[in-house]
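Letters A, B, C and D name the chains as they come in the text, with residue numbers starting at 1 for each one.
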Amino acid sequence: MRRFFNNPDTYVTDMLDGLVKAYPKALAFGDDPHAIVRADAPVEGKVALATGGGSGHLPVFLGYVGEGMLDGCAVGDVFNSPTAEQMLDVTRRIHGGKGVLYIYGNYGGDVMNFDMSTEMAEMEDIEVRTVIVADDVASAGPDEAERRRGVAGMVFAFKTAGAKAAAGASLDEVEEIAKRTLAGTRSMGVALSPCIIPSVGKPGFDLAEGEMEIGMGIHGEPGAKRETLQSADEVAERLATAVLDDLAPASGDRVAVMMNGLGATPPEDLFILYRKVHEIVEGRGLSVHKAYVGEYATSMEMAGASLTICRLDDELAGLLDAPARTPFFQEG
Amino acid sequence: MTESYDIGAVQDALRRLAAALRGEADRLTELDQKVGDGDLGITAKKVADALDAHAAEGGDDLGQYIAAAGMAANRVASSTMGTLLATAAMRAGKVVKGASALEPAQLAEMLQAAAQGMAERGKANRGDKTILDAIFPAAEALRDAVDAGRPLAQAGQEMVDAAAKGRDEVTPLRSRIGRAGWVGERTEGLVDPGCALCVVALASLAGLEEYR
Amino acid sequence: MRRFFNNPDTYVTDMLDGLVKAYPKALAFGDDPHAIVRADAPVEGKVALATGGGSGHLPVFLGYVGEGMLDGCAVGDVFNSPTAEQMLDVTRRIHGGKGVLYIYGNYGGDVMNFDMSTEMAEMEDIEVRTVIVADDVASAGPDEAERRRGVAGMVFAFKTAGAKAAAGASLDEVEEIAKRTLAGTRSMGVALSPCIIPSVGKPGFDLAEGEMEIGMGIHGEPGAKRETLQSADEVAERLATAVLDDLAPASGDRVAVMMNGLGATPPEDLFILYRKVHEIVEGRGLSVHKAYVGEYATSMEMAGASLTICRLDDELAGLLDAPARTPFFQEG
Amino acid sequence: MTESYDIGAVQDALRRLAAALRGEADRLTELDQKVGDGDLGITAKKVADALDAHAAEGGDDLGQYIAAAGMAANRVASSTMGTLLATAAMRAGKVVKGASALEPAQLAEMLQAAAQGMAERGKANRGDKTILDAIFPAAEALRDAVDAGRPLAQAGQEMVDAAAKGRDEVTPLRSRIGRAGWVGERTEGLVDPGCALCVVALASLAGLEEYR
């Protein structure tokens, strides 16, 4: 394993300790060290946003906690859900009197624990709503789109819903923005190598040099197909075609495009992929409102990339452009 | 004379459950390795530790005490089964909130609430080949036996028999949900790990430790 | 090779094309596609800052072109200097009438080409000054510190000098800030894997799993020592000790700390390293003014990390905190 | 009658230089592989292509024409040697700016400016085992021969002999600069690739193509 850590058992707590040491003005612990909230939480009179999920995907999830985005995040072990109580801890700390919106990826353990946390929060008279992210078109067909996994597309929902909440909107309004954003968001990824969970110590699957798995999930869930690695332009075309065919935007639509690296893929390569995606997007008569090229949702040291496209209307475009300040993401 | 459980009996039951989960951990891991990610034994051990720690503390309100045992389990195990077991305990506790002793009818009500809670939590259906296919028949059997006024020991035996029968009936089927759902066809003929855990857990609660 | 590209010969031009497509409002080409400048260049009445060097290190170099940092960058092939004429192209386009400051890393080819560009620019009556970055303590002893390589520490000079220029300072003043920043900046890295130049197609050297090379350069230049991989805390201690011993700050000094990933190392691991570095820095009686944890200067898909520490005075601290907006770096 | 070079002669010289660099590219690569990164042959070929393209165009001001040849070379080759060759041509051109024909004394002056330019550009010293150890003796020999009024053909022969002697004198030494400087001890006894290129280049300019 070509990695830096101490003890696999303290991998996540060491990481969180380093994170709060690095950004003491921005982030704070809850009662539980797996609960991370804005240092100024709760923001009174604002709808609060929370997310959560397994570690190993930075900046997803806790990297988006900050002004203009999320208020808190419950952090699980690597690729494992946090507990309901950790989520409840976050929920309590960020609640500013206007309710809490959960936005998180569609994984069984996360859903069950967030649901449990919701029940417990409601017993404390905190109103909680949930919007589940299911943007990965490779994980299920359009007929069962609600079964899809949640991947990098969640970042767009964090941004738009976060900006709406920062602007003073109600829980209904913030929830509606998150849903509207995700209704227009689709993703697909391609992996060129596995990654290693420190407590396991070896790759969860094999992927030989020169192979690629189109549609692989961010924990190594099997993809649509394993093939010979193709040129960047061909890979970009595969991803863009799958995402755009499913999203089916109308000519003239404005979109945001995210070319996301999974971990070990250099930014240089991502720009080479983006170049072709941009051409394809414009070739379909769409205009790119904003491009996001870099690491937004990762899988440790996995080599690979994912493409996310989000259809925008005027309000969503304005919310994407609104200011945000987190340790991992800034806008405006 | 009605049979009834006080706090001491509940603590004993938790300890028996913990011992059973720990004792069967390796077998549960083996079963989960075939159809899932092989962490069910780890979950079982973590939950066992949490239950033992909880049993070392007392409590007046048995409902709250049992619900708190669920919370304690979830705190250490946020996997699917950890969450389902926590939910089961929380729901079971909720229906007897305020009680300082538990009578057979309440036990039956608790198991039904637990099964119902698991179903709501996991949004699975009976026949999807999950723990639901063991716990629902068990809850129904317990309720029927208690309603018919049969002694608790016999009712417990019928409960566990029903759980085991449910487990075996779905073994030939294909898993349709959770990680095993991704394995598809190859799950046919393999025991569902969650069902196996359910039988072990109920048997220990009923004092039938040798039952598998 | 687990990488995305088309033709090795067009690796850099494809990358730059994608980059300008992604950030059309921020970046523009010069006459030569290897010359990248701020879209609003030249900024009249401001001292202009330029850098340059080989590709393969994003965000170094061109990722720091933008408001509050650099005005332009000449981009060479992977790990190869750009040409003097490309540098001259950048220099001409960004010159706003108050002179140009070159800040770049201490590599033979870069130095010669920037010197040549300087001569040519002076023939066109553009005043050019040069500050060379030589922060890598592993590359030469303190007695011949001017021979050291330039690595991630250059980012601090880009930031402080860029902020000083944005505030309207003279070429003398901006040059002095860059020099003062670098006089207090030291770095050292550790590599866990090699990286691959696309036109070469195979790693430039071997580094087996379980080995680490302390002090390796960002192009794979040999380090101080090849050893068995140690725990994150031990690695952090090695780096921090080497950097701090050379810098020799006084107790009570304020510092900026950069825990930089070389490419394939997950951000999670960087925070685990940072945690220990933070403890050591505070243990020496220093206070951390600001932490930078992430990828600031990379070597393609190399696994590894580098530590940079920069001693601050009040003015430098203020310049670090001043606003900056580039596609890869934002502040304030 | 003074010997002198016009634009046609300069174009011919550039073409001879290009042909020689191309012809020796593989040998230069081999030499650079032993002590550096093995790209010197690539640089030589790229420079050769640029010189041929430049030779296809004419120019009135020979100084500017030769300086522009250097720029053209740098445009395609930004490696150490590409930059040094470009600098050499630019400096050589500068000292004859405005000339439409070049006389022997000017040629000698140009070679000295070229050597001086390389030294300033690379900040190396004689004895560091670089191209400087070939080009400086060559420039001195040319100047002496021209000063002594010897015919240009003989002066050229003396120039190339001096370059080769300089190259051979540093071969036993250890490289102290550039990539070869990192290789250290193992460079002792190996020919410096830059010196080898210098001999090839000067020989071709002097019309002594077979000289190595």
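The criterion applied here is as follows: contacts are C-beta pairs under 8 Å (C-beta built on N, C-alpha and C of every residue); 3 or more make two chains touch, one makes a residue touch a chain.
Quick caveat, the model's predicted, so the values are computed rather than measured.
Enquirer: In the absence of subunit A, which chains stay connected to one another through touching?
Expert: Remove subunit A in thought and the touching groups are B | C, D.
Enquirer: Comparing centres built from CA atoms, which chain ends up most distant from subunit B?
Expert: Chain D.
Enquirer: Nearest whole angstrom, what separates the Cα centre of subunit A from the Cα centre of subunit C?
Expert: 29
Enquirer: List the centre-to-centre spacing of subunit B and subunit C in whole Å, with centres computed as mean CA coordinates.
Expert: 58
Enquirer: How far is the middle of subunit B from the middle of subunit D, if each middle is the mean of its Cα atoms, in Å?
Expert: Chain centroid spacing, subunit B to subunit D, equals 86 Å.
Enquirer: Which parts of subunit D, given as residue numbers and ranges, touch two or more other chains?
Expert: none
Enquirer: Could you pull out the residues of subunit A that touch at least 2 other chains?
Expert: Residue numbers touching two or more other chains: none in subunit A.
Enquirer: Using the definition of touching given at the top, classify the network of chains in this structure as line, ring, star, complete or other.
Expert: line
Enquirer: Which bits of subunit C are touching subunit A when the two form their complex?
Expert: 1-6, 11, 14-19, 21-23, 55-56, 58-59, 63, 192-193, 209-210, 229, 231-233, 235, 259, 263-275, 278, 291, 293-295, 298, 300-301, 303, 305, 328, 330
Enquirer: For subunit A, which residues are in contact with subunit B within the complex?
Expert: Touch list, subunit A to subunit B: 76, 80-86, 108-109, 111-113, 115-116, 221-222.
Enquirer: With touch defined as at the start, can you tell me which subunit D residues reach subunit C in the complex?
Expert: Within the complex, subunit D contacts subunit C at residues 71, 74-76, 78-80, 82-84, 86-87, 90, 121-122, 178-179, 182.
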